[in-house]
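Down below is the structure, laid out as structure tokens.
Should a chain be cited, it is by its letter among A, B, C, D, E and F, assigned in written order, with residues numbered from 1 in that chain.
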């Protein structure tokens, strides 16, 4: 077996990094980290609204990573991703990895009532149908969405970034709180890593069929610092409820930690007015100035994505990055 | 073989007609023609930009026709179509026909230069991947796009509507002109039906690599009425050139005839200022007031679509509608 | 449109009901409810261990529902399901619905650590690959598993059966407890329907890397009746922990409610020794005498499955059974 | 379940019978038996050699059976079958059954040496790729070819036709002989039905690598009537060897029985000169006058195919035709 | 990223070049250009008409290019291509590119009337179904056929070969003429490259439904040299019409230029009798002596195909060969 | 073409060898032969019966060969194979070859009666659906099963091992006997290699419909040594019949030779009591002590499998191992 290559040698051509128009700053950060240039392509709409892509140079046999976060305008950015993949495929790329730091539609992941779509599975199918060979994303709303893809891929997590940040704060008398019971288990992991107890905010529709919701805090928050954790914040409705009710129950400092800063209006306004000591999030979505609040800390996922891209390209283990 | 059903009996369940949000007026016209109600569904965006669909009643085993023209905003309307199809499929519809009176991306139907997509094939694949069983559309930019679908379907044409309209005018000394040589063959069919001669406008880039285009009229237009024919008008750039040059060459009255009134700015302004006697088009795309010019005649495709839907539902020949 | 059939008329042939060997009693109950006989088939292993199926009569064009719960021995019952489907398909069944009241492998629904399978997606793919047209199951461990199937199907729930049973008990001073945070959200629905508060048992590995787990009760249970709710009970390890700790924290009567009685050893022994007032479950899995404890109430899912099979066969809405 | 249709009611539209150009006489016989007309279609080659099909009337939603035996010129007839299927599919047929009384390439069913095709699997895939929903054929060279199709279908057999014919002859002191050991097991079934013993002709290449073959008769033929059985006769090389050697070993009357009369030159000449009392075959392939020898009896498979088409169309059991 | 391979390094095994039986001379020319031998394989028909392929040596992991033009007999050559691909695939080739310098059925690319096939899409599907990974061809009748393939591929063009040839002639007072309006746009590109004006021959069926066609020349040809351009010439019917009518309209020298010399009878006879100064074509199809006219210039596409094969094999850009 | 790699260079990553739990001894032998370690993985059942796999180290881009014979318990071992493949695929293996020295269900390879499965095709589809890229197995019951796979693969044979072993015995006055006519042709190859004559045991059901079978020996065995050959022995029913009847007909020494020692009870007991001089088989299935009889010779297939794995990994011809 002497002819065998050394471990970790890659089987694809040259690495080529492209960015859609959704979050070019993040893509540039990743490129800088990897020390490779972002490849150039024209991406634009014709006057009739049709999106078009034109690569400047051939990617024949290349190992392509296309970075396109699927933030708002969601359908626009998603179609751009699909058309970009088609372009790469028809230019005979060797392998195409769709890197979507934030993947939209992840909350439409099951039929919780009849006659609705499972849009997350649809999106996974569309990405395959367009010609992607692999996917890469960060902190899916539900881990099961991994299984919506038939092509292999990597779900990464900003959990270590965020929890390490709080570890350094050495908050001794704090409690982890989830504003949504669907995040209870992931919240527990956060609490376990920081060695802190947990509490939950439970929401319940009024028994009289009204739209008003009754909120309960289950567990102890009185006199403690509180870290409200979640995977994403969109309108901040859940966050507002959670912060307010723990404050009502006597919480001291309140922190808010989440991976995906979707922050659609009126999220920024709402958060600005809340008694939050610090908001800790990442740059999986672009954060224009009007969304950047004074008490917001944004941790970059670029080193994480770059290192995983490097390992995928070279055929090295990704799991061992995390000691797994 | 006595147990055989009479010819034309359908094999699917009840007909169910739905409309996306792109052209509800046309959908309503079709429903009225068929004498069946439009089924109700909630179609909306969540604050995070994700499109959602919720059917009011079950379509289990139904023969569903979903009407959604893919006009601007193109990517939005296309994703709405796909998510709507997914919803119908997961509610166990018996058969789903995607009715797109105008199908976007049809001009991205080949690689005329390297490193570009074939978005029309991608769109056909996406419609299949979402779960449609059939497609129906009107006047594709190229008939070959029929072959981009692996599922069966029907390409209809507004050719008869438009040419019959001009036949009634009895323009004796007229000529059919195409502004784009890619439409030459279809223009010939128009000319043949009206018994008129043809002429062509040829466009050519300047030999010095400049952006200026040289225009030529090939064939006779002097002293004749001219009908400029095309499949669609978007910015009206081609139409402006054609109308102006035939006028320069001595044309009398000029008519403009096309199926799809995309009419993105500055099309309406441009057309308003042109010396056109009459613009004849259809309602495959919605025509809001600002696009409706005083000299514009809009022929409705609703009877055509309705009759074909009826025949597809009942398993009757579509071709014999046209004596074919 | 006068030729249209009345609503709800089915598009497939005669209904045919088959049962694998995993839970024939349940299949017979369903057949009795529907008033149709179970079709006969030989299902056996050859001496070499190969499973074989032979239908007694043809199912050509029939609308077949194959009932096979995927209980222990799991792989045996699953392969029997797949081979049975292949037999039906190759005998030209009109439509095949795989009815698995309990679907194994549902807990392997994501990669919670690197280098492991997503067996639930694999199982969904195998069922499709064998030739099923539809699936039907009860209370998946995660609703997202619906999206693992590309073929349409119906996830039913025993939630109404179980919660209605407790509603009749009129337990006024009770609390709903989940022993696993992953069930927190579904537990909340249970609590909301009964108008009761919630509490949670939180499990955490020892910080010193040891195997011992620290248990906490979050929320109030002292002096209250407790209903511990879950989707399934296998070895009853989680149930034992939850019952014991709520008792330690002063709970009065303790009830245990779950859909799937997997009850592998030593579950029956463990449950027998616990201070539980009543165990309420269903018959999605067979319950041989040694698993039926004196304090166990088994609610039958046969009427639910039968009614849904009837509606699917006839093309009627399933959702409206539940007022949805 | 009162709304259920009576057993055997079909789920597809009207039956439509088409014939390719390979064996129109057989197709007409089938049509006559069924009492339905052959549908009309133009099937021809353009001057450039491209095959074309044009249906005279629509088959929308019909239950189409396309009869095209894949005899010589094999590739021509196969491509005609595929293009015909594509035509039917794109005209929205409800169901398409490819009826190939003789299916070519069945002897290329495995790799008996490296670097060769498995053309029979390829053919099965091509028939699916063209859009057939089902297949129907007679006496495949190997039953396993059934499994090459992923779509359902029916392999019929002329075994009963042929063996019943010989049963009526009441040959008391006869023996069944196979000229090819690959047909030994099917020959045994023939022998068992007639209550006759068996013998085998074994062929072996010379040990010196020469092309000459050594022939052996294993079993007793002396003084007996011999029926040489096979599935098909092409050049008749094997038949010549078998007939000659059993004659050399003292056989009395020799009969030759096979399903598929491929009979490529010099088969007819060879058979004419052999001391064969009677050749019994069928019309799965066309038999022009020059292939019809004076001692040849041709049994028609038309009633068999017609009856099975009727049953498939109506959703009735095919197996019970044969008491199975 | 130091471990990255230099640009252009290929990811497949050794290049292996095979030829079907359709145009072995062209394949040999390509092999000579590349400096690699044509690999050996037995390709033949069994007496029963079944085509067979047997490779002499293994192609395991090789990067295989199979050259087989799909000329007449079309169905024979196409099936040979498919069976050859199956052979390569089952011998575990690393990558298979189907190189069809001329691809038949390209004119059956849409349903221009009801109830006809789209054979070009079928052919694309068959090539995929057989196991090809890529395709390569020259001057498709319609560029859209690129989109009929879901596998990637390269459409090359002989346009540069042909137009460069005419550029050298320095015909100053010439005009480009198309005999078919479907070729108008490609004819324009030819005219633009040569800096010449255009004219068109328009064909129209008689208004009385008769078969006679009325021909018109649109544009100026009088006293000019004429180059009639097309993609292929089959029976030469269109060419005869075009040449005759431009002569009638006073054309001086007439040239005929086209890529694919199909030239089925009576093309050679017709062309021989026409007043054509020179016929310029290529060798995408074999040109036996009886098709080679004295005034015919045949430009070889072998260097073009060879260079593209080399680039595809090495993962180099193909577009930059043409400065694109 | 100077950049071309030398012949035989592989295109995949490092070779990685894994074993399921069915026959770890054989896997270890193969690993030893190759000089590479068996990779480690946890393979176990959860208490609920669900099989689980966890790889110790990443296989990203590796060329993985997974060895799992599908012996009894068949369904258990098969599901373990599928789940293992899914694990490898989702860990982004570069290529996965499923090595099943013995592949169960191979006898369910056609519908010999109506309403039964073709389980062997199903198994082939399941292996593909799980994500295998290639397959490798030894002596399929029918070579046609190769064609059940759409992915490429290699069927190896123990024929050379077994026949070489008998060649060395120099049995001059011997005869090859098959106990099943379905093995007649493969038996002939055995006989031809050893230069020995053949005889056949023919089995036939009693004409009175009873279960008793009439046995006949066709050919000469009297006074000769007999080698009874088959592909596998399960319950040994056929072997018992064959040995007994040839002894009754005066055979001298009797040998039994077969590839797959399935040997389910009461095979070992039956064989122990038979007058067999020597049983020659291989280790494609595990042979625990209770199955190893004193007169049994077990030839190892490990060198064969190892050498083929090496060649597949390196892209070298497998056929030339056997001079083909």
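Assume a contact is a pair of C-beta atoms (placed from the backbone, for glycine too) under 8 Å apart; a residue touches a chain by one contact, two chains touch by 3 or more.
Here the structure is a predicted model, which means the values were calculated and not measured.
Listing every chain that touches chain C and chain F alike gives A, D. Over half of the residue numbers at the interface between copies chain D and chain F are found on both sides, making the touching surfaces mostly the same. Comparing chain pairs D-E and A-E, the larger number of C-beta contacts belongs to D-E. Separating the CA-averaged centres of chain A and chain D is a span of 60 Å. For this pair, chain A with chain C, the centres built from the Cα atoms lie 32 Å apart.
Note: centroid distance chain A to chain F, computed from Cα atoms, is 49 Å. Counting partner chains per residue, chain D has residues 8-11, 57-58, 90-91, 111, 113-115, 118, 121, 125, 317-319 touching two or more of them.
By the definition of touch given earlier, these chain pairs are in contact: A-B, A-C, A-E, A-F, B-C, B-D, B-E, C-D, C-F, D-E, D-F, E-F.
By the touch criterion stated above, chain A contacts chain B in their complex at residues 46-59, 71-76, 78-80, 82-84, 86-87, 90-91, 104-105, 107-108, 111, 113-119, 121-122, 125-126, 128-130, 234-235, 262, 264-265. On the side of chain F, the complex with chain A involves touching residues 8-15, 34-36, 57-58, 60-62, 89-92, 94, 310, 313-314. Residues of chain F that touch chain D in their complex: 109-115, 118, 120-121, 125, 142-148, 150, 155, 180-182, 184-185, 187-188, 191-192, 195, 197-200, 202, 204-205, 207, 216, 218-219, 317-319, 324.
Across the complex, chain D is touched by residues 1, 3-11, 134, 152, 154, 311-312, 315-320 of chain B.
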